[in-house]
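For reference, the structures are reproduced in the following blocks.
The following pair of complexes shares a single chain, subunit A, combined with subunit B in the former and subunit C in the latter.
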Partner chain A sequence: MLKRILFYVLIVSSIFMYAETLESIIDKVEKNLSVKNVVYRAKMKIEESDNTREMDLLLYIKDEKNVYVEVLTSTDGNRSRFLKKDNSMWLYLPSAGRSVLIKGHMLKEGFMGSSFSYEDISERRKLKDIYDISLVNDEKYYILEMKAKVNDAPYKFKKSYIMKDVYLPYKEEIYSSSNRLLKEFYIEEYEKIKDIYFPKKVVMKDLLQKKNITTIEYADISIKDKISENYFTKSYLER
Partner chain B sequence: MKKFLFLLFFLSFLFLSSFNLSFNYNYSYFYFYKVNYFSSHDLVLDLENSNEVLKFFAQFDARIYQGDAKYEIPYPDIDFSIIGIMPKYLYLSNQYRFTQLYLSLYKNGFNLKIGKFPVKWSFSEVYSPVDIFYFSSPFDIISLKEFPSNILFSYSRNNFTSSLIYQDNNDFFSSKEGLFFEFLNEYYNSRIFLSRYSQIRKNLLSIDSIENYLFGISFLSEYFGPALYDELTILKSNDDFGLQMLLGWDYTFFEKLYLCHEFYMNFKAPNAPYSDINIINKYLNGDFLLGRYYMFLTSLLNLNDRLNFSLNSILNLDDLSLIAIFNISYIPINNLISSFSTVWTNGESKEEFYKIPTVFLFQIGTKF
Partner chain C sequence: MNFILKIAFKNIFRNHRRTFLTSLGITIAVAATIFGKSFIDGEFIPIIQNISDMETGHIKIVRREYKEKERMMPVNYNFNFIELENKISKIKDVKLLRPRIKFGTLIAKGDNEADGVIGFSILPEREKDFVLLKGKTLNRGEILVSKKFADKFKINRNDTLVLITQTVYGYLNGISLLVKDFYETDIEYIASNIVFLHINDAQRLLAMDSTKAIELLVYCKDLGSSLKVSKEIKSFLSDDYFLSNWQEGETLLSMLKVSFSVMGIVFLIIFFLASIAIINTMVMALYERKKEIGMMKSLGLKSKKIFLIFFFETTIIGIIGTLMGVILGSSVTFIFSKIGFDYSAALKDIQIPIIPVIYPSLSFMNVLIGFILGIFTSSLSSLFLVKRVKSLNPVEILRE
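This part shows the complex of A and B:
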């Protein structure tokens, strides 16, 4: 009888420990990937089958709802600016002198022509609100399998290989509903700033294209106490 | 005023030491079916320097024509040259000009922008009566687009933006003033416009000065998936009131095909069939549209990163005449863009889009 009770206690406690581990992994990953009040520069390289473009970006991120990105220089002359304010996203084109509203149906398009979609950068819901997540045991990584549970989830199925020491995905595989591998995302370098592991070099590969690889290297990362609201306005975007 | 502006630009030019430069070169070949053909070389230079407070932007366009650079006034049923009000052909000469040139100061949510730059108020992809400060016809593939001189003062706080604009068009009678409010929300984007502008309206016998007051509201929502929008404007011209409305939607299908469909109604405009006077007045005053009810279509098919097709059209729903532009754009190698466009009309005599010579345009260009 005692053995049976002990067995049930062990089973129940292991279930609780398992659930807590999954929750805590997700929380730690989200903490690293959704840094608030940060300003940094980035070098974005977009490699296609017979074309390579590079651009230097300046980014202000207050939180998931307030994002401002400015192209400082680019090899193709692109000097556009991007604003995300709540659910609205705007792209300002200086040569045309107007800002274009990125509508919901345009979210699958590439952000500034890269392999990252507007959806990749605009999603602000918690992972567990849009995916059913399960943890697969592995020696090297925490493997999170994420299956969409809402209709408007960016992807139907996602597999994330989380580094056990820093709680950042080493790699993410993004699949279609027919289980076709669409994209691969890598964090190749990272840096510890305060108590956050911040990605320093990320790579996104669009596997539907013959060759479409976007590499972003971050520099001059500065986590502030507060960023002024003034950067996240249409007046600043269209100045 | 102009000397002051020049001094302001010159000083800012001295203060701003490093610039971002980009060049765009295009060779264009125009062919007007059975009429004439000519070509042009177009060099566009963008110059920009900005920091968090100050921004300077200049766009210089140099266009050199080769060949018989002229085009026919597009209503061959009436020879305007006989009645002496307009030449039969417009001759194009080489052009060198700043199409945009402005200085912008930004501080604590306030923005002051002075110079030549475009101002777009409407959601419409084709035409809207609220775009009184700048409008360019999507079917005009010939003219160099030059933006007007404005002084814009705007203020944003969170999701709310208001702006005040003054447009100087050389004399008081063509100056324009406007007030604009925009509010963004999770579910919708709404705008309110208020403006005053004077106009000189010409007709065959007289010239009238008209004082216009425009009040408009617009609303865009994506709550149901596609973007749905509407614009309603009330225009008071001297003592006459007119109501205009635009309804539209747009959506991207299969991540490749973008469609935008709009209906425009001007309840004060003449009914079809149009008289010669109606037609002449349209050309004399440079009006974009003449009739009451229209359907606009904007479409773009991105076959892949290198090849896309677009078709834009206006159908006059009163007389069923049509104007359309079709474009194929292809990128054969890095930094080389080629395109083929054609503009054509379909209509009978006395209809708005009476048959004009079909225009073909081939372009090849590079950007660096």
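This part shows the complex of A and C:
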């Protein structure tokens, strides 16, 4: 009898443990990927079939609703500045002397001409709010299969291969509604800062194009206690 | 011969009514021919010019990849047009080269985005004959929008408009341009969708260097020589490029070429009917003069000489009628070439780039065709008498 009770307890507890594992995996991944009050520089390299471009970026991230990105130097003449304030995204175009609200189909365009879309970099909703997530246990990775449950989800389906030791995706596969592989995202290097595993080198491959690979290497990462609100205003963007 | 000429000349004035009616017939036929041919030319010349101005050139060169995705107007399939120009301009029959960049863009005034439009960038000094831009100036830093578009979005002269689009590298870029003037067109598709800017501004906006264009349009001295010029260009053009000739492929112009042939047939019918009318008038006038022929024969005049009298008579009447026809046809055509025939109402819903007013095109060639028709057919009509003069028996005719 005792054996039977023990057996059921084990079964029930393992189910609860499994559920908690999925939750905790997602929480830990989101904690690593949504760092607050961070300032850093980034070198973005965009490789296409006929050209390779590089740009230096300066990024201020207060939280998911306050993001400022500035192109410091670029080989393609791009000098634009980007602001995410609440749910709006603005791009300042120095040659036009004005900023543009990024909306509609523009969200799908490449951020600064890279393989990352504006949607990729701006989406800050909780994964669970956008996707139905299931966990596929694997020896090496936690494989999260995410199916869109809201109409405005950036992608219909994606698969994330989470490294078990650091809770960062080693790779993400992004699919279309017809199950066609659209993009591949890799975190090739990371660094532990305080208690956060911070991606240091990420790669996005746009598989719909002959060759379109964007590599971002982060440097001078500095996590602050507080970042001034002034950076996240249209007047600073259009200064 | 002088005697024959004198009789022929006297015959013209002997029956004023007959001479007048006969030459009037020739006059009308010649005038109708000149006007008809000028109208047909006037109908097609602006269509050819408008479509070749807007779209096709006589020859159009683009990158092969661009051709496959032309509807999307991808700006990354550009090429160094200076290199190509250097080679093409050496070809004898080439008159003009027009490099262009067309791209999709957002247009904004102040903080408001107006609409998505097509940026149509040109090298203004090469577009002076472009019908839509005739009399307009377009400098660097300026933009030309249609009057309709300006009215719709309350755009005034000296306003600043901003174009926002993706560069060849994929990032968003913008440019501020000053509205100096407006162009006018009744074609809704063009008025609502096309804005003109300097090619250098487009290159800056799209992050291209100043040697790059998306398409190179080639114009030949003579429309008909474009196939020959195409062949010459193809001899040095690499496989990366796609060359289309207005006479080939699936361009609107090549499809219209069928209409040109149909109108050619229509003109031949007009020409044929006019000839029949002239010959008929002349022959009827001659056939009724059976007694006169009998009289001349009985007086001992030989058939050949009688024929010559009628030949000179018809030729002189032909010349008079033809000259009057040339004057009448040229005058009417000239007047309508200035006034034009307005088809705006009929063509209101047809969204092809043509100007809905047809101006008959008076040319030396059309006048010459009318002149030859008049002289040739009226002289020719006297040949119908050869057999009749020979076969007539003067005794029988005098008895009648």
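Rule of thumb we're sticking to: the second predicted complex is superposed on the first by the 231 of 239 C-alpha atoms of A that agree within 3 Å, B and C clash if a C-alpha of one lies under 4 Å from a C-alpha of the other, contacts with A are read in each partner's own complex, and residues count from 1 in each chain.
The definition used in the following text is that a residue touches a chain if its C-beta (ideal position, glycine included) is under 8 Å from a C-beta of that chain, and two chains touch if they have at least 3 such contacts.
A quick note: this is a predicted structure, and the numbers were derived from the prediction, not measured.
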{"item": "Partners on subunit A (subunit B, subunit C) - clash or fit", "value": "clash"}
{"item": "Partner chain(s) touched by A:Arg180 [first = subunit B, second = subunit C, both, neither]", "value": "neither"}
{"item": "Partner chain in contact with A:Lys211 - subunit B first, subunit C second, else both or neither", "value": "neither"}
{"item": "Superposition-derived comparison: subunit B or subunit C, residues of subunit A touched", "value": "B"}
{"item": "Touching partner for A:Met112 - first (subunit B), second (subunit C), both, neither", "value": "second"}
{"item": "Contacts of A:Thr73 with subunit B and subunit C, given as first, second, both or neither", "value": "first"}
{"item": "Partner chain in contact with A:Lys85 - subunit B first, subunit C second, else both or neither", "value": "first"}
{"item": "Touching partner for A:Leu93 - first (subunit B), second (subunit C), both, neither", "value": "second"}
{"item": "Partner chain in contact with A:Lys234 - subunit B first, subunit C second, else both or neither", "value": "first"}
{"item": "Subunit C region in steric overlap with subunit B, selected from 116-124, 296-304, 332-340 or 350-358", "value": "116-124"}
{"item": "Overlap of subunit C and subunit B interfaces on subunit A (superposed complexes)", "value": "50-51, 76-77, 95-98, 106, 109"}
{"item": "In the complex, subunit A residues that touch subunit B", "value": "48, 50-51, 72-73, 75-77, 79, 85-88, 94-98, 101, 103-106, 108-109, 209, 229-230, 233-236, 238-239"}
{"item": "Subunit C-facing residues of subunit A, complex", "value": "46, 50-51, 53, 76-78, 80, 91, 93, 95-98, 100, 106, 109-110, 112-114"}
{"item": "Subunit C residues touching subunit A - in the complex, by the definition given at the top", "value": "76, 106, 108, 111, 113, 162-164, 166-167, 169-176, 204-205, 207"}
{"item": "Complex contact set, residues of subunit B against subunit A", "value": "20, 22-24, 44, 46, 48, 50, 55, 57, 59, 100, 104, 106, 108-111, 113, 117-118, 120, 123, 147, 154-159, 161, 163, 182, 184-186, 189, 220, 222, 225-227, 250-252, 255, 305, 333-335, 367-368"}
